[in-house]
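See the structures that follow.
In what comes next, chain A is part of two complexes: it sits with chain B in the first one and with chain C in the second one.
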Partner chain A sequence: MKRILLKLAKMREISAILFLIALFLIIGIINPIFLQGQNIMLTLKGSIMYVFLAAGMTFVILTKEIDVSVGAILGISAAVAATMLRNGNNIVLILLVTLLVGAAAGFINGFGVAKLGVPSIVMTLGTMGILRGLMFIYTGGKWVENLPDYFKKASQVEFLGINVFILITLTLIIMIQLYLSRARKGRFFAAIGDNIEGARLVGVPVNRMKITAFILAGIFSALAGLVYVSQVGFVGNVAGSGAEMTAIAACVLGGVSLQGGIGSVVGAAFGAIIMSSINTGLVFLKVPAYWNNTISGTLLILIVVVDALVQRHLSEKAKKQRLMARTSFVKEDVTIEA
Partner chain B sequence: MTDHHNKKIPLVRLENIYKSFSSNLVLKGVCLEVHTSEVVALIGGNGAGKSTLMKILMGIYTPNSGTIEINGEKMNLNNPSIAHSQGIYLVPQEPMLFPNMTVEENILIGFNTNQAELKEKVEQLIKRLGWSLSLSRLANTLSIAEQQLVEILRGLLREAKVLILDEPTSALTFAEIKSLFQLIKELKSEGVGIFYITHRLSEVFEIATDVAILRDGIVTLKGPVNDFDEARLIQGLLPPQTVTKEIDTREDVKKTVDTDKTQPIMEIKDYSGYGFNSINLNVYPGEILGIAGVVGAGRTELAEAIFGLGDVTGGKILLDNEDITGKQVSEVIKKGLNYIPEDRYLNGVFTLADVKSNMTASVLKWLSKVFLHSRKEKDITQRYIKEFRIKVTGQDQTMKSLSGGNQQKVIISRILSTDPKVVILDEPTRGIDAGARGDVYRIIHELKNKGLAVLLISSDLEEVVLLSDRVVTMYHGRINHRFAGSDINLDHLMAASFGVYEDRGK
Partner chain C sequence: MKLKKLLKWETSLVVILILELLIFGLINPNFLRISTLLYSINDFISICIIALFLTFVVITGGIDISVGSIIGLTSIVIGVLWKLGGMNIWLTLPIALLVGAACGAFSGFLIAFTGVQAMVVTLGGMLLYSGLSLVIMGVSGASAFEGISGMPDSFVQLANGSVMGIPNPFILFFILIVLSYLILHKTKYGRYIFLTGINKNSAKYCGVHTKWIIMSTYILSGMSAAVAGIILTSYLGSSRPDLGSEMTLSIVTAVVLGGTAITGGKGGVIGTAVASVIVGMMRFGLQMAGISTQYISVAIGLLLIIAVALRNAAGKDAFRRVIQKNKLKA
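Moving on to the complex of A and B:
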């Protein structure tokens, strides 16, 4: 019994993994080159950026909020990193400043949502516009190019035959997973999304945790920005635009519920790999690239609708059970007259 | 029994607690205490202030004045975590668990100490109490009883000295209640003091050591449970005899419909659904039928199901000899039944729209083919404003700016514009001031005189007595008693609502 329930609890991630395997098999059958080791590595490398975005997004969605500014944060932090690289700044300083940009943007989001009570969709939509504008002003509308080679080559370094970025990502995801599921405070994020009043009652600092979630989303977006700079080698004006939808779709695909309270960062990471596999897979299926967004959007809505229907069914069932319990109680001393 | 009261310092002493919400004075100087190994049953009607009092003790509300002493020390409780650290724990009526977490996570969240040690402690607790509760189950797979057990475990793990149980049995089955009582007895023997809020008088005598009755914000009766019997508790729940109302002057208005000769307008037969069971009821034109009962007795669930808002599991309803069982709301309205829900703000009023739009919202379909017929709309609105003396500056005044009483009048007008034969009113005067209340009563009488059948659901028993020609009381989802004519009085209705009415006449 215990095992079955534990398995059920993990179902959400398992279905993402099954989906991923099925996706690879289907594309592989149509075009076997897709399944070559080299190509799988390429797909995984391409997914790193989305894994980071989805990891940050997981914190926010667990608390039943949403952050649509992650793409814009990616863009501006990539632009900041790239200009500093071109100017020949110290690499440690560059990393620090870039992550600070992400953290600051996340803090503004979190402050607006938790302290000022602005709905998160509105707040982050606003910051998205602001950051896109700021990025344009900052770069003067020009691409940031001619970056030092050492940074571009960093994305190709291998350790034990595996790309270093993949190893770093793997380590980070495992660490976050342990934090969220094992650490005392890690569970607070899910608790807030699960039952906010209950969370307050057991002493969870709700506002502080929400701000933390947005800051983490900002920092991870900045990390994604660094990956972008290293892998792409230049920063255009549209860097990261539309990435928020991919990130949200990745979370939802990986079993992170938009109702809050459910989901894991491992699931979200698998979701991100699925999303980027779809992108590369389409190339192998010879489907024009402009289908990407259509497919991501369709997947997103489909999964959210199914999830919402299941949740509604469960909560209605629970309510009925409660009401039935009340009426099934008949005491001897009550005489029922005709 | 009373001796140890004087000797020992109470675990908790609440003294002269006053609390008001805006202008509404809920607690008017409440004094209450609990000692070790006591189970103090706290009873009182709806809105008597029981939950407010307990929330003050938990630090969720701050009292306007009064003192709280814990172990003889004056405390300033303004936060649940302070109450927790003082060993006070509230098990809320609806458990506040995290549905997507396991039992273990639910219990351990919020503690700063070593989780492994805590887990061992929880396991020992469960073992000692003899429960079978798997720590790895998800909270959303638990029954309400099991959820309450988890809440109680949370309290015990905090080494609660004072446990507050807010109507713990309201959603439990009989077997679950038995195991809960067993637990309460064990806790009592271990020295825990318990406040036990309940609507069920039989429970008071089963597990309480002391009893306190709260009515209208004051404690009207308190003492060891052995000094009381059910009749005395009912007395304590009733308003003092000295206050006779304008009720008697209206006595002549009451009429008893000759149920043998008149054809019922609505027949409810063996009607069952979620929250109510085997309801049999005939409703006659030109009568006000009161439905009394405590919160959670199933009255609102019944009304919603009749109106087409809830699921029906059995039985049927005939409205004017037509079967309306399980029909959709629009269909039910068309057939001649309408319903004014309990919470106007949630369910009935378009606050930002004007009076006219609110009044004609139900008949829009009949007023128009494509565009609204604005003359007809105005005529209807003007007629009801005049008839019900609704105080408005004009038809275009926004609903939000009207008083509660006038809003209710607008809603009743809207209902009437659909030309119903049966109207169900759920708590029609809740939150309405005394003046407007009289107006609403007058309107209800007018409905009756027009030949409509009115089903009046109200927790205000005086209101039920005042208005109703016949009354049924509901208890645990069933109709447990029926009253007519001079049998309709506060005494009978109160006893029947609490499930302790005995037909002394027969």
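Moving on to the complex of A and C:
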């Protein structure tokens, strides 16, 4: 029991959860309406899109790459889904095609990074531009509106008093978490990010796993796109622009290290909830909307910097302790000041 | 050997530029008129200016994606100080430069001294600076959609005027190329930037203050974004918070296409300068060819990926050849 507690305390996810609770409490103290069950549900519902994006991003960041095209993938897959919905296609076909669009975009990213050796930031920045342009061309620069009601209502369906989308998200996140931490293949992602040469030597198919990571990021962005269509009810030209930044920020907040190899999808999901509750919270605090970016940006920088400083302090402390232990062992007559 | 290789890449960039001009000239003969070409730079001068100094940042191994939002912020600072603060518009320019430098210094300080990745810090910076410009607009009561316009004519002439038939932005671009070339390739400071990018630790052991070097490159890129903001505000005659928000892709493309390695340690200003004109001409040429602006980001994205992929392939080939040669010798 004690060991489990100790392990829990060391987990980076805990600080994300604590921060989230603190955030809710602070907003709740100023405006108690925020803490009503209904509004908490609303906040959670609003964060689903970002949870999906962050979950996909986690795979990529674990392998020490980055994907800044997820917002654009969200946009184009949302546009495709919405257009097909308007045209009255079969829902199963729509879901398949949308996920395929995401997977294809992810595959292109992964191929460029793993096979052509283009640095991921450059590659995905390029595909971001391409996909944004393609989306404009596809929609002709017009909003996709007049979607069938059944799809819009899907976002409001409840099961046991909880929104179905939240339940689906929860199940998916738990499954991914188990896959990443328990399954043999799932652990390859972190292994690649931790030590790519080492992973290669022990027989991890590095390139294939990297491509898989990007494809998964694409698929999850497409899922986020579907959520977007269902919740928002129309697709504008700028759908999902800037969402990549929120997703990366969510991962970082949740303890997924951009150096690769460290992090969990649960952490990233909590990070995503933090990012979107900041924006919802500001509404409840009656802060004018033009403050949103300033506050999210400041919080992002603040949290990341404080985290980096704390981590550095801890590792330096550990180093010092090791050094002290060694010196005291060698020279017993030397007094060491703690 | 290394210099030769660099020169080779820069010559091929010039060839690409000439090809590009010819193709656009075939599509629309008006494109090749000297005055059109000279004045086209107004459309993409911001990309050129920022790319020059972003090269410094990328050579140290960093990246700055907040430059686009610094353009908007400086533009708003100029507009608000002039219109609502009642200041002389020329006096607002040094303040705008200071704001750019401060933004760069803030990001640079965090990157250099806390060890957080440049990508994350400038990501936060991007949100923060673009947010700040909205806040300044909101607090001062101006409408973000309309912007602040009606700038005095003398200020508008800064970007729209010309000296002996050469447009002012062109002259500015030339001066900045020379300046950045001298700084990066001819001074001790420039060598330190390269050394920091090649191997930060060995640079540190050689007595280079790597942290200050890294921070200073962000200050430079922030200031260049401020200069771009000034020129863009003057060119449009109005200040808007969303100026430059779409430029990040083009700016990074210019730097990478120019031969600067995104991993740091390698690169140069001349390559960036030529590449930024290629990227800018592509935007301008596609517009002139009557292709809708939406295609431009597709073209630039493709250009970025293909350029880097080809360079990588070429590099790998050369590497393989060297290894084979050595094997034969042995």
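Odds and ends about this structure:
By our rule, the second predicted complex is superposed on the first by the 289 of 338 C-alpha atoms of A that agree within 3 Å, B and C clash if a C-alpha of one lies under 4 Å from a C-alpha of the other, contacts with A are read in each partner's own complex, and residues count from 1 in each chain.
Keep in mind that, in the parts below, a residue touches a chain if its C-beta (ideal position, glycine included) is under 8 Å from a C-beta of that chain, and two chains touch if they have at least 3 such contacts.
What you see is a predicted model; the values in this text were computed from it and never measured.
In the superposed model, A:Leu201 lies in contact with chain B only, and not with chain C. In the superposition on chain A, contact is made by A:Arg132 with chain C only, not with chain B. After overlaying the two complexes on the shared chain, residue contacts for A:Arg184 are found with chain B alone; chain C is out of touch. In the superposed pair of complexes, A:Leu160 makes contact with neither chain B nor chain C. When the two complexes are superposed on chain A, none of the residues of chain A touches both chain B and chain C. Chain A makes touch with chain B in their complex at residues 1-2, 5-6, 8-9, 184, 187-188, 190-191, 194-195, 197-204, 261-262, 314, 318-331, 333-337.
Those residues of chain A that touch chain C in the shared complex are 66, 112, 116-119, 121-123, 125-130, 132-134, 136-137, 141, 245, 248-249, 252, 258-259, 288, 290-298, 300-301, 304-305, 308-309, 312.
Only residues 80-81, 84, 96-102, 105, 109-112, 115, 134, 136-138, 140-141, 143-144, 154, 170-174, 177, 202, 274-277, 296, 298, 301, 311, 475-482, 499-500, 503 of chain B touch chain A when the two sit together in their complex.
Across the complex, chain C meets chain A through its residues 63, 110, 114-117, 119-121, 123-132, 134-135, 137-138, 144, 248-249, 252-253, 256, 262-263, 292, 294-302, 304-305, 308-309, 312-313, 316.
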